[in-house]
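Multiple structures follow.
Consider the two complexes below, in which chain A is the common component and chain B and chain C are the respective partners.
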Partner chain A sequence: MPDIKKQDTFLSDLLAKETSLNGKSTAIKKLRQKGLEDVQKTSFPGRKDEDWRFISLRELYSDSYIPASQIEVTLPDISELFIEESKNARLVFVNGRFSADYSSTDALPEEVTLGNIADLSADGEALVDKHLNAYGDFEDDIFSSFNTAMLQDGAFIHVPKGMKVDTPVQLLFVQTDADEPYFTTSRCLILAEEDSEITVVEDHVGVGENKYFSLPVVEVNLERGAYVKHTKIQRESMQAIHIARTAAHLKQHSNYESYTITIGAKLSRNEPRITQLEEEVEFTVDGLVLIDGDQVSDTHSVMDHRFSHCESHQLHKCVINGKAHSVFNGKIFVRKDAQKIDSFQENRNLLLSRKGLVNTKPQLEIFADDVVCTHGATIGHLEEDEVFYLKSRGLNDHQARELLTYAFALETIENITVDSVQELLVDEVHNYTSRTLQNQD
Partner chain B sequence: MLEIKNLHVVVEEDGTEILKGVNLKINEGEIHAIMGPNGSGKSTLAKVVAGHEAYEITDGDILFEGESILELDPDERAHLGLFLAFQYPVEVPGVTNKTLLREAYNTIAKERGREELDPLEFEDYVHERLDIVEMKPEFLDRSINAGFSGGEKKRNEIFQMAVLDPKISFLDETDSGLDIDALKIVSKGINHLAGENNAICLVTHYQRILDYIVPDFVHVMLDGKIVKSGDKKLAVELEEKGYDWLNDLASVSVNGEQK
Partner chain C sequence: MSETEALESMVGGEYKYGFTTDVEYEDFPAGINEDIVREISRRKDEPQWVLDFRLEAFEKWKQMDGEPDWPNIEYEKPKFDEIQYYSSTKKKDGQKKPESLDDIDPQILETYEKLGIPLQEQKQLQGIAVDAVFDSESIFTTFKEKLGDAGVIFCSISEAIQDYPELVKKYLGSVVPKGDNFYAALNSAVFSDGSFVYVPKDTVCPMELSTYFRINNMQSGQFERTLIICEDNSHVSYLEGCTAPMFQENQLHAAVVELVAHENAEIKYSTIQNWYSGDEKGQGGIFNFVTKRGHCRGDNSKISWTQVETGSAITWKYPSVILQGDGSIGEFFSVAVTNNRQQADTGTKMIHVGKNTKSTIISKGISAGESNNSYRGLVKISPRADGAQNYSVCDSMLIGQTCGAHTFPYIESANPTAKVEHEASTSRVGEDQIFYLQQRGMDEDDAISLIVNGFCKEVLKELPMEFAVEADKLLGIKLEGSVG
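Presenting the complex of A and B:
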């Protein structure tokens, strides 16, 4: 059985099996080759690496994984995972493999391209070949290299100049139940041309309770005046490992608004990296984490302000119960001569249990002098005064704590504009609070 | 309706004794006023009746309709019909007044065997109650007390009382922080809510609110005890003479109090 610890044999094994599948285009082959080379030059991270010192990857290294393509797929009815608003603007991937049956793109204007990366590349879609892997600037990062080496299916969205798309696009990544731990990668490439507008809901769902390793990479490019709203929902299986990278490049007057919601996975890591390429841009990198039991959630973000006049916003809220562990490391760079930057960062943690653990580390590196960067981190329990106030009005302990937890979480999701996504998240928050308030320790 | 017997209370954290044998009986249809200087224990009494967990009862009892409520949680006391208007109402960002009130109203209704209201019915009911304290409907959709002025918070407490319709209400320093117009509105609301079947206990430092709400009984609290009871004339006397003349009625002098 291929062992992820022995990276050389693992990868060549995997690649040997993957060549018969999609992704036959020359461009993708080249990228895979490059990814493979990069993997071989890089080592897996461990506690000694500064960026990984808060968490242990033992959970990842303790198992062997087989390629997702080798497992037998038994898929339950997944229609309840479909977002109403994205009825015919949806791509579905099952264990990383594109599913034409479940996907539908009829609701989108003809000029908009929404499809599978491998198919489009094979059909000679020049945009895919030109832009794929152009924005995922994660240096010496074995995980994104791994993803590139495994490149095959993935979501491609192209919104042409001036096109404002009302219909939100759902990118649904379903991971199925299996007897053996498996390994799956996915890729998204979102290209928003000048003055275009699009809303994307990236949704990772585990339908079983099994262990698997999911490794998605998302690249977003915003040309001048483009506006991309990106919501990511991670609701993998509670045994899963989810290590994700998201990179966005912003040109003048563009606005990238992202909300990342972490609910599932035993071990998850998000690395949003926003890079400003021209003056006058705006972006939001908000997050909500709801974890319990022995879940670990780690967010390492980078907000790279390279030019003047940028407004950025990061509100990262975490609710921690049981022995769960939350890590936040928020880097803010303001490069030399990048003046008039207005950057807000706040990490707020609500600990519902005594045994929960929080590491939080705002990290500001500012080389310009005319900037406003506010940042803060708080860790706290529910205020007993608030609980008493609500109880004195007749709410029982459970209702009071649930309401206060819900109120804490709400702030990070109330700006999401897709109604059914909001409803879904409100339900998820309720599920979480009623579950956690029953088993506190 | 409510009977407090020889109540002794200490702060759980450090054991400081605050109430040193309080006796008080409140019947249906009565309005009581408990007056006293800062630190006399009158706010503690109100909180202890509501079930605040920071205090420990070392002796005595609190009976509501003949049954001890000492073992009941704050919410269970609310279900019986007890209400506390807070001296410092808590801000709860993210939860609207309406959400809290509907959940609270329906929980209490269920416990008391009354009919719960669906959102539409509740909407009608709550709007009618708004008029009692002359509050605008926009108030309902605002987060509980978040960003409210001091006066708005106090008015909101009385509004909550109007919605929940308790049997006995302790109003802790509801008059403080109110300008004269707001005081008149709040007093009018309280008078409107006072009836044959409920009781109100005003906890106050000043006599001012008693110009608008006429109490049947006035009690003076000093150093953790009720040292004198009388009718509304007592309040006037206190306004004129202050609390000092009553000091010899307290077994221990009032330490460290501003006089």
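Presenting the complex of A and C:
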């Protein structure tokens, strides 16, 4: 008898519990079947896998979860989570299910499609059929396959050729409070046609302090000349487990700007994967992680330069306090003949506490000679000289440290163009620094 | 000549040390099993505790899952049953260890002469003592007496086992344990010869020490073991050089080097590795799987690794330092050049345990041809390493469009008072740099040569003065063809 551990069948067991999946789209049904097969084929990652060696998933598989569809939804007033600029350009999902009551798309031009993947017009359905699950090489990843097997509702954005959308779109994923741990998945498909432009704010919020397992997958396709600005805010409950994957495909002259802010969840994992499909593209994959207590945050990014003339940028900053543990692995690939690549990667860690832990592994894999690729990683604490300087200017110790931590974090969010999101994040940084510096030993 | 061609010809110099020496070998069966391990020990006339050490290691090796598969290298696994684990030349009847150079096979002497390492003391550069290792055995060690006057022991490890068993027993396997990794375990089971250095308290070793490793036998592997111990307030500088003939087959070289530095002691270990690297199609060459580790046991001790890696079909090597003593310092300076089908996965580990420990890593990788060059390093700051500091730079240079450069730095910090900085870059010889030098009157080849040398300068300047000559010579060969 082979020794079957709990984690080996963990995800399949969860899938078996979810029996309420339905929907009219045959394409989605087919994908679901494929996802199910992939989950059964793929093994659950463990510490022996290079990509998972620094974190333990015990927190995830040691518990049992029920499908989110089986819990009773009690939702507090969520209107304060709405972004001002995205008034009437918003999709809301509660525990993974589309909520028509809270969603509104009136502010967008008619040509732009913003809606639920499971409930689209015939044109929209044809697009979903063609593009869903087409980006990001998901086969080897059991969590994305799980997401695919769970496909039902999801956000779909289609920006037609030449259309520049000024109104930022908010995709709000709310996870409710519940007595029992539950699991939920969500899916986004963003299609930006030639020379189009759109700003998307993906916001994951846990309204309670409960444990749940959330697994979002986002796919973005940028046709020639498209410009997509994508901000992801993860503020799940402090007991939650959040395992996410974001994949973007870029064609010529397109530009993908992505900012990922990690604040919540006990265990979170982000996997941005940017793939260049044609020459001359630009992209940014910045991130900010603010963790405390026993939070674990893991970012594994892939920047895959396959053709010449690409400029890419990654600044990933982490502030670690308490017993928190931050992991970063940023892979930069430059494939053969992908000349004239200018790629920059930096991971900076501010370790504030004795019990915190940082693992970082910036990684370059270069197969072309005419490129400029640099990466850097630093781990340090607040400079006592700087603290002293501020104190000599009349700030007390606490204020000085708070100001310096705040300044450290700010660099990654000041490029976000949606004002209220910036304000929101500034507040979050502020909350973090004042909370965390009080807890300091 | 185009810029790329010039660059390629620079790194494409021919291997000059590829000749073989025709000597008679004692018979020794190929393959590995307990009897082989016992036989090696018997031939070397070792005490029981060494045999036990070997057998335990062999037991561990057998139980291992096989070769590590995490390095970024591709190769056909060595056939461990076909390798000859011990290879010694035939001795005259009844003779054990040569008393003077007259006792040594003139062919072997000639070999070393050809390699530029004359064993006659008067012919040598002053101030370098050499231990010459030919296949599995140490042939001769020079300047033993002069070193003895200073209290420094410099001899082959086999001699040390006989003459200073208590020292060897105390330290052997204390830095790299028997079952540390696949190749270290194999080495511990079948190690043949290598150097032993012991520097007593308050002693500055009066001369540079050097070991020259030569693999000559086609069927054999080389499994040498080096152990360097530096007592309180002492200093030693050590260099190893390696060459091998050109064979169509791959030879295995699995060495273990252990360094121990006590309080205020300093060990400087330099390597010039120029094993045969295989031909353009990747035929032949040495598999260089080496475990090197230093242990800064005492406070304020220092261990410094400098390596110039130009040879070997495959290099798999991570000279490391465990910084245990408070205020101890670890350094790693490396130039790794790969060409044709060579593959290198090399780097270092700096494990900070003590307070206020410091480490510096400077790594320069140059890849050309169809080679792949990887830097893989670990910097680990343990929770009690207050005030630890690390500074790492790893730069890669690519020459041509068919090679690859990879960087895998692992950084882990669990102490908020520690400071870790890592930076890496990948670039090529800039057109504007060449242009600048050309308009100053240099031709293109000289310009490129100057730039490549400048790229490595930070590391080359760390080599001991006496060996800088040798390193220059070696890089010169690798860079041959740069002029004209």
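Note that the second predicted complex is superposed on the first by the 413 of 441 C-alpha atoms of A that agree within 3 Å, B and C clash if a C-alpha of one lies under 4 Å from a C-alpha of the other, contacts with A are read in each partner's own complex, and residues count from 1 in each chain.
Just so we're on the same page, a residue touches a chain if its C-beta (ideal position, glycine included) is under 8 Å from a C-beta of that chain, and two chains touch if they have at least 3 such contacts.
The shown structure was predicted, so the numbers you read here are calculated from the model rather than taken from an experiment.
After superposition onto chain A, the modelled positions of chain B and chain C are compatible, with room for both. Once chain A of one complex is fitted onto chain A of the other, the partner contacts of A:Gly356 are limited to chain C, with no touch recorded for chain B.
If you stand at the C-alpha centre of chain A, chain B and chain C are 70 degrees apart, rounded to the nearest 10. In the superposition on chain A, A:Ser392 makes contact with chain B only, while chain C stays out of contact range. Of the two partner chains, chain C is the only one touched by A:Asp337; chain B is not.
Of the two partner chains, neither chain B nor chain C is touched by A:Thr113. Between chain B and chain C, the partner in contact with more residues of chain A is C. When the shared chain is aligned, chain B comes close enough to touch A:Leu410, but chain C does not. By the touch criterion defined above, A:Val372 reaches chain C but does not reach chain B.
Of the two partner chains placed around the shared chain by superposition, neither chain B nor chain C is touched by A:Gln239. Measuring only between alpha carbons, the smallest separation of chain B from chain C in this overlay is 12 Å.
In the complex of the two chains, the chain B residues touching chain A come out as 50-53, 73-75, 77-79, 83-84, 86, 89-90, 92-95, 99-101, 103-105, 107-108, 111, 143, 160, 164. For chain C in complex with chain A, the residues that touch the partner chain are 70, 381, 383, 396, 398-428.
Contact residues on chain A toward chain C in their complex (touch as defined above): 50, 334, 336-337, 339, 349, 351-381. Here chain A touches chain B in the complex through residues 383-386, 388-397, 399-400, 403-404, 406-408, 410-411, going by the rule given at the top.
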